[in-house]
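Okay, so here's the structure we're looking at.
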């Protein structure tokens, strides 16, 4: 049983693609927490196809924790390297062994030595750390399963491990709706079954546009995803990254009503 | 003008997928050098889809240099991390600033921070180091160009940089001949033109079987590749990795006669 | 000519032994800057004889810069490792190539490989970085000179390098006044001459008590030190480290009147 | 009970200061093993007061193991950094969990963060690793004890930990016999008692000359040292480091007869 799936409710991790400023994070928490979003993404480190803005990085890791943990909100960020993992562990330790955080390994991070170093470091960190790995960029079931094997081989505990499907790079595969990445729901369900781990869906990187993101979420309801990782920004047009696919708070509100299972009880209720 | 393309001859890098033993390397040099193969691959570090044999690693880096450089042969290996780059630089320095070596970045190594760290380290190493980067696993021209930008942004000199096309993961794209990876010769030529860098073909990872490797090489002659990176093993059936796609010395000999341009003068002539 | 000794005035670096909180630093800047102290020490990382409080560390590096640079004050901290050097360089870069900072290598950090790694990293950082190395813990002129050679061998520029004498561990040498460490003013002057670098005195680690610190400063006036590194705390009794030797602002004020040369012009004048 | 002190015999670690070549090590093993020396030092990494020859380094770590372990001899080397510790662990693992090795932390390596990183890495390595720490360069009981606390705080097991007294830097302390470093036998015995760990004596760095080394050993017999770390070279005049203090095999033979307790049974008997 995974730490985050003890209840029958869907896991919802939502928030801006990247952390941009203290004010942006404060506004995100203020807006999303009342919707019952208790896990807020705001990535510190951004993988880059070309040289460009790389996120606020380690210098804002204290900020990320300061503006979430004291408010009962769990922060979530991608990490790219073993150094990032060491910093996350060290910073979270200041908040005690019960402090919670979600960190994930991105789709381009397919160097198994780095994957293993990261896993080993996180395995020794506070038990409140949940580790999530996304599928790799290319369509291959065996490789995706392999990431899981590498992570487990370093002793990272299953109870704190999750998977996320963010679609595969389309390449030359037909793509009539112009999705940014192509989902393979069946493969995701097969991986979920084989690994016994919770499977989250990232509709944002699949959709690429707000309209597509909404559609993808609707389509996904036919499958048993354990939760969703959704990009949402209080002012998407000003977002430094992924401006087209970040939902407004209103759109997120709509979407949550659909993806939350019938067991969901409103926080305000 | 790149260090390795000063002559009009094709660049030929051939040899076993992985370094397996001193004896195996000695035999490879003894067999391939007389065919005019002056750059011999024998990888020390292997990316792994699942936990398994990872190559002989740094402990055999001294061996790799001892059994090639004194015989006028240039060793070639993949490197996976910044630590590997540091070791290669340090070990090669023992042979002086003129010592030559080829190191490459593999297709799964798409963490731009690691790419940049590696590039920075290699840039400060002996000038005899040629750095080659392969295309990423998934079909995307923009990402492939991006690797080049990341590497150059760290000051790695163009004159010692090469690119290698090793095909893209097939995923759900039709693949009637069962190739291990799908080539995109047009994209490779476009990248060659845009970057101004030599473009090498790796028919071994595209073909996946000896027969396919031979075919791919024949097909590639219609394009202006600057050279070839070919897996060849004196006893392929005993190879620890990629046993099906490593050529025998005889097959390699045949293939070289085809891919070498008319300007090639036999070493024995 | 060193960046910090262009004027004929003594270099004064004063402030708390360790950074303890944002408020403590704000108060230090507010109190010391009006005394003409434009370089304020507040160490992030503390070498420890036994396991204990290690300083606020990298998580407070952003704070150290935020509360000094915008107020025209140059922050100063000890660094212990190459990782610390990388962070300092990265953090300072956010403030531009003109941003100034002083970092020093402590007396127990006598692993020449680490010294060289740190020097190499700092050499590539913003030109506003001044690097200072203290003498080692034990009394040995040759070793002290050797630190300088190791640093310069990595290309760190002389114009940004300073030395600091903090006394030698007394061991079994007679020590009637109970100094924490024994000064060797003659050796310091010899090293100053041989290296051609500015020589700073750290009376705090020599004295060990406020009274001794004042005496040491008076004694030192007979020698040509280029400046002073002095521990001063707005509330020394509450200091987390070195409580006995940190001066009150009033004592520092007195001391500065003595050590500042006749060429000093009061900032308020 | 420490792994190396199960018998009542003195622990003898002898051999060249630094590993210089395969031939030198082969000759050392051939000469010393028949004297009953089953632990042979031959350091790979040398701390340097000034830039100079730094030892053969990681490239010869495979050699060090190849020429000792298969002959039933335990290799011993100083390590300077966490990278060295990682390499030692990785290399020794190739010889199985029973393979034995002695590594030590030198007297200048007093950065507690590096000490802790090294300890943590070694703690996870093969159980055959014995870790030894020397006293720091300067005369201070509290600091020496602190090293032990730092090491144990990272979970390094007591059963595989030893201490070595190599004397303190003389500085301005009277030194009529011109010893290279001054011993404090009483302090060594106190530290032995307080920590409960075996205490080895390094007469070579105390003596500085062959004559002094012999004298120091004789003097030490009045104290309960658990063993000796002695520099011995088959051709001391050609040694690359510490030429004056390395014993010839004949002198070592003499010395061993004195320091070995009455319980020692000759291997040839």
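So that you can tell them apart, the chains are marked A, B, C and D in the order they are listed, and the count of residues begins at 1 in each.
As a working rule, contacts are C-beta pairs under 8 Å (C-beta built on N, C-alpha and C of every residue); 3 or more make two chains touch, one makes a residue touch a chain.
All of these numbers come straight from a predicted model, not from anything done at the bench.
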- Query: Can you name the chain that lies farthest from subunit C, using the mean of each chain's Cα atoms as its centre?
  - Reply: B
- Separation of mean Cα positions, subunit C and subunit A [Å, integer]: 44
- Task: Find the geometric centre of each of subunit B and subunit C from their Cα atoms only, then give the gap between the two centres in Å, rounded to an integer.
- Result: 50
- Measure off the straight-line distance from the CA centroid of subunit C to the CA centroid of subunit D, and report it in whole Å. 35
- Message: Where in subunit C do residues touch two or more of the other chains?
- Response: none
- Query: With chains as vertices joined when they touch, what's the shape: line, ring, star, complete or other?
  - Reply: ring
- Touching pairs - complete list by chain label: A-B, A-C, B-D, C-D
- Item | Interface residues, subunit C side, partner subunit A - complex | 57-62, 83, 87, 90-91, 94
- Mind listing the subunit C positions that touch subunit D in their complex? 47-51, 80-81, 108-114, 136-140, 142-143, 145-146, 149-150, 153, 168-169, 171-173
